[in-house]
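Here come two complexes built around chain A, the first alongside chain B, the second alongside chain C.
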Partner chain A sequence: MGTKNNNGLGWLFTSPYLVFAVVFFVVPLAWSLYLAFTNWDLISPDYQNVGVANFIKALGSPAVRAAFFVTFKFMVVFVPLVTVMSLVVAVLIQGLPRFKSFYMVGFFLPYLSSGVVASLIGKGFLSYSSPINVFLREQFGLKINWLGSPFSALMVVSVIIAWKFIGYYGLILTSGLESIGKEVYEAAAIDGVTETKRFWTITLPLLYPAIYTTLILSVGVTFGIFTEVYQLTGGGPNFATNTWQMEIFNQAFKNLQAGYASAVAIIASVVTFISIYIIRKLLEMWGKRNGWV
Partner chain B sequence: MVGSNDRSKFRLTVRYIVATALLLVMVFPYLYMVLSSFAAWNQVDRKLIPTSYTLKSYIWLFTGGESGVPRPWLHAFFNSVFVSLASTLLMMVFGVMVSYALAKVKFRGRSFVNNVILFQMFFPAIILLVPNFLVIQKVGLYDTYWAMIIPKAVSLWAIFMYTNFFKAIPTAFIEAAKLDGATDLQILYKIMVPMSKSITTVIFLFLLMERWTELLWDMIVVRSDGMLTLNVLLSQMFGPYGAYPGPMYAASVLLTLPIVIIFLIYSKKFKEGMQFSLK
Partner chain C sequence: MGESDLADPTAWKRWFDFFMIYNAASDGNKFIEGSKFVGDDKAGVATLQFFDNLRKEKALLAENVTDPFETGVSVFSDLGPWTFNTWADKYPEMKFGETFALSAPPVPDDVKTDHPKTFADTKGLVIYASAPKEKQQAAMDFIKWVYSDPKHDAQWFEKTNLPPARDDLTKNDAFKPILDKNPALKMYADYVPYAVPPMDNAKYNDLQTMIGQNGLNPVVRGEKDPQTGWNDMKQAIEGALK
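Let's turn to the complex of A and B:
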């Protein structure tokens, strides 16, 4: 009885997904592949086939080129920041004999925040007459236009996003740390291995699967940045924070260039897919070469 | 040995101090938000910890201040509640159904469905934004609640999580129930779901959090004032030229508080579930 096929039930129970996949995945995919070769403006009933013109225009556009580099800039700032900080959180709370769950819950709270709220708080905190800016001006004569200069805008957005994810990734790493047996450390302590050395030679290698997870997740985050940038900089100044999502949103829903936006989206998907694939492979190679996997 | 005991005690104290300090830094934005929402208006964003307090910001939110025309904050709040709950519940129900079939029902095409899901999971979703909007427009759902619910009624992640969990539940349970005459639907709701309480909490909370804080999609498929979610209204009201920082913080509290309360209520179950799902 257990080996009998039950085709009707199987298809019935999976049908919600299948219908969903056709309507919101297959059809849209085909539609955007078609639109990318047209000059449709989202409103007018007629439009022409323009061949690869959209792609040529996109590849020459400073905004698209910016989106390509901005994503990697975010990655270079955000990924190490969130990884190091979540490691610190994990190492700190893992060894606590009491109130551990209190700290775990506390550190996780930022993950509940809306990107809009986090951005608004960040903006208020860094506004011209805010305590921190007054302090910097009066004590050091520093006048920082946080969101007005390319470098600091990138940093501010990265910190705001990292704030959200540190506790969540910290939780993932904590459970990774807990899976490492105490015996390993005790054996190392008997052999007289110093604590710093223990971290590098025992903790880190055994934690590699958990770190791999958080790294992949955080890389994924950088390819989907939108809310914070939309709320704080609109992609500026001078495209310094213009992410893929921001660019597609602007082209499709502000400039109403649905055809062109579809072309940009296709380029973005290809870049995203290839980049994540390469990063995955590099991480796996790194793990293998060190004998961690 | 007393010396080394003292040393480890000292170490532990330091560890608690550092952990507490770091925790304070991490939750400070929330504290700042709450304090600023109650602060006298001439102190908002002027003082780290305000010294005089007022309810003016909250009153402004609901009366519209000097303009006398209140923005639909309460309405937006209920829009958010309705849309988030409806879409999260659908994601849970469909997640459980699809996963049961994938994990416990043998049928022709199972591996095909599995592969399609995996393919879609690894496919960059960025390409779908514009055409999904067009689908909604084409079928006449633009500017309706459905536009915010239906495209977010199925979660690949929920299916993925439940499938893995259900696979671990022994098939013997199901066969025994079948011998007793239980239907598959009964098995699903009387055995599978009750057995997966902790992971259900985790999936529910993550889906709800994500849905509650969605901006981009809710912003493009809905236009009229009465349809906006709280997150979208907040984003539109206090954009680049927002001049009312006090009410901005009050509205932020309105958006943040419910999800924090729900999380705290379920935090114990959430922790258990996380420990399971991360293993």
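Let's turn to the complex of A and C:
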């Protein structure tokens, strides 16, 4: 059967990824776990074991508490926004008579663009002296401090990230739509089912696996938000956009508390793992209850 | 004044708003001595009051705005000598004495206006204790050599347009041609002896974040009065220093 040879080949072909995973995931994870129990300041070669002091400090920190709640706030805004918009994009593209790929590429491009550039452009658009703000002030007397109020700052960051991901999730949903047989729609049309009802009773259930994927991916994104917040708000105002990644960065590279930052990172990982697990289970329950799975 | 930084708690931003005014108001009080808070209460409240007054007069724009001074959105701004290098590329129309003038930072009432104390963005030199002794010695020898002749400072000054922090800057002939060529920098040079360096405390990042979070940021947003802002800031800093 040559099983031994096949095993060897298997290991050989997977080795690049295994090496990559060991170097960039396993070693940093083990190192981070170790550091979380130390007071390393990122520079000094000397540091001491401080037991669970970093974890106790993190659990009592207002900034860490803010990161916990801010992530869920982002989830509440970003996940529905990106899901609905990518579904709209997918349905619109699906309905196009021609040039589908061209338009899909157009929507996908923001995903390839740099978050830093998108944030800087967004910052320019929302600057006090930008044309849009001048127009709002002069025509409607509206003076909006977009990045200065907790609510609008959260919305602005969510919209910029959603803009980036709509094309990517739209692509996943488009491929889901493509896999639904035309005959199902034809049969429904013959039975006199309206277009709206067709969407709710045919498209949505058959698209459930793709929607499930995009929902899980978008929930994951909310736990990793950093670039846009770093560029636009720095986590403010008043911690209103202070995400886990922002807090870890601040502690490790601004406050030079690498040990403490590692403890925050581990808490963030645990919260992420538990949250995604619960959300996954809820989505599966939703699918099962409606008979989609 | 247009500064989104005023509402941002990032530690280093306090050097260019809070400390610039506070150093003048307190005549150079140390703020932190060793691990003790020694801030001047009266000067601290006066500093926050200054920003609060600007806010009340609608003269403060503490929000996201691109280059407010250069684009005419604000009538005054805090400038460091590094600004002129940026302007040379980005805003060549900014000409000293023509499109802008320089003055020392504003001071609260009853504080001397002739050469008040101000903030110095001085740079420190760090030698790692973990470096081998011979490398530490080599670094020290190099530093001694740099400081042995004002011509080295002059060369550095000429290349960077950043004045060295030396009290004889306006008197030493080595710097005269550079200052004559850059009159805007003369004022900075003149204030070097009156400039207060940043606090020397290992927790400075945390402490300066607290000045923003508990004092300046809520005051410029109109969420706290200056006295409450100062008290809250003081309490947070004293707690962190324990």
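Here is the rule we go by: the second predicted complex is superposed on the first by the 266 of 293 C-alpha atoms of A that agree within 3 Å, B and C clash if a C-alpha of one lies under 4 Å from a C-alpha of the other, contacts with A are read in each partner's own complex, and residues count from 1 in each chain.
What we mean here is this: contacts are C-beta pairs under 8 Å (C-beta built on N, C-alpha and C of every residue); 3 or more make two chains touch, one makes a residue touch a chain.
In this text, all values refer to a predicted model and were calculated from it rather than measured experimentally.
Enquirer: Look at the residues of chain A and decide whether chain B or chain C touches more of them.
Expert: Answer, by number of touched residues of chain A: B.
Enquirer: With both complexes overlaid on chain A, does A:151 touch chain B (first), chain C (second), both or neither?
Expert: Neither partner.
Enquirer: After lining up the shared chain so the two structures overlap, which partner does A:200 touch, if you call chain B first and chain C second: first, second, both or neither?
Expert: The answer is neither, since A:200 touches no partner chain.
Enquirer: Looking at the overlay, what does A:105 touch: chain B (first), chain C (second), both, or neither?
Expert: First partner only.
Enquirer: Just checking: does A:237 make contact with chain B only, chain C only, both, or neither of them? Give me first, second, both or neither.
Expert: Touch status of A:237: second partner only.
Enquirer: Once the shared chain is lined up, is A:175 touching chain B (first), chain C (second), both, or neither of them?
Expert: First partner only.
Enquirer: Check the residue A:254 against both partner chains and state whether it touches chain B (first), chain C (second), both, or neither.
Expert: second
Enquirer: Thinking of the overlay built on chain A, is A:124 touched by chain B (first), by chain C (second), by both, or by neither?
Expert: both
Enquirer: Pick one for A:72: touches chain B only (first), chain C only (second), both, or neither.
Expert: In the superposed model, A:72 contacts neither chain B nor chain C.
Enquirer: So which positions on chain A get touched by both chain B and chain C?
Expert: In chain A, residues 124, 127, 129-130, 234 are touched by chain B and also by chain C.
Enquirer: Name, in rising order, each residue of chain B that touches chain A in their complex.
Expert: 12, 15-16, 18-19, 22-23, 26-27, 29-30, 32-33, 36, 44-48, 94, 97-98, 100-102, 105-110, 113, 116-117, 120, 122-135, 151, 153-154, 159, 171, 175, 178, 184, 209, 212-213, 215-216, 220, 231, 234-235, 238-240, 242, 245, 248-249, 252, 255-256, 259-260, 263-264, 267-268, 271, 274-275, 278-279
Enquirer: Which residues of chain C touch chain A in the complex?
Expert: 2, 4, 7-11, 61-66, 68, 71, 73, 128-130, 205-206, 213, 217, 221
Enquirer: For chain A, which residues count as touching chain C in their complex?
Expert: Going by the criterion above, the answer is residues 43-46, 123-124, 126-130, 145-148, 234, 236-238, 254-256.
Enquirer: Would you pull the chain A residues touching chain B in the complex into a rising list?
Expert: Contact set of chain A toward chain B: 1-14, 16-18, 20-21, 23-25, 27-29, 31-32, 35, 88-89, 92-93, 95-97, 101, 103-118, 120-122, 124-125, 127, 129-131, 163, 166-167, 171-172, 175-176, 179, 210, 223-224, 226-227, 230-231, 234, 244-245, 248-249, 252-253, 258, 261-262, 265-266, 268-269, 272-273.
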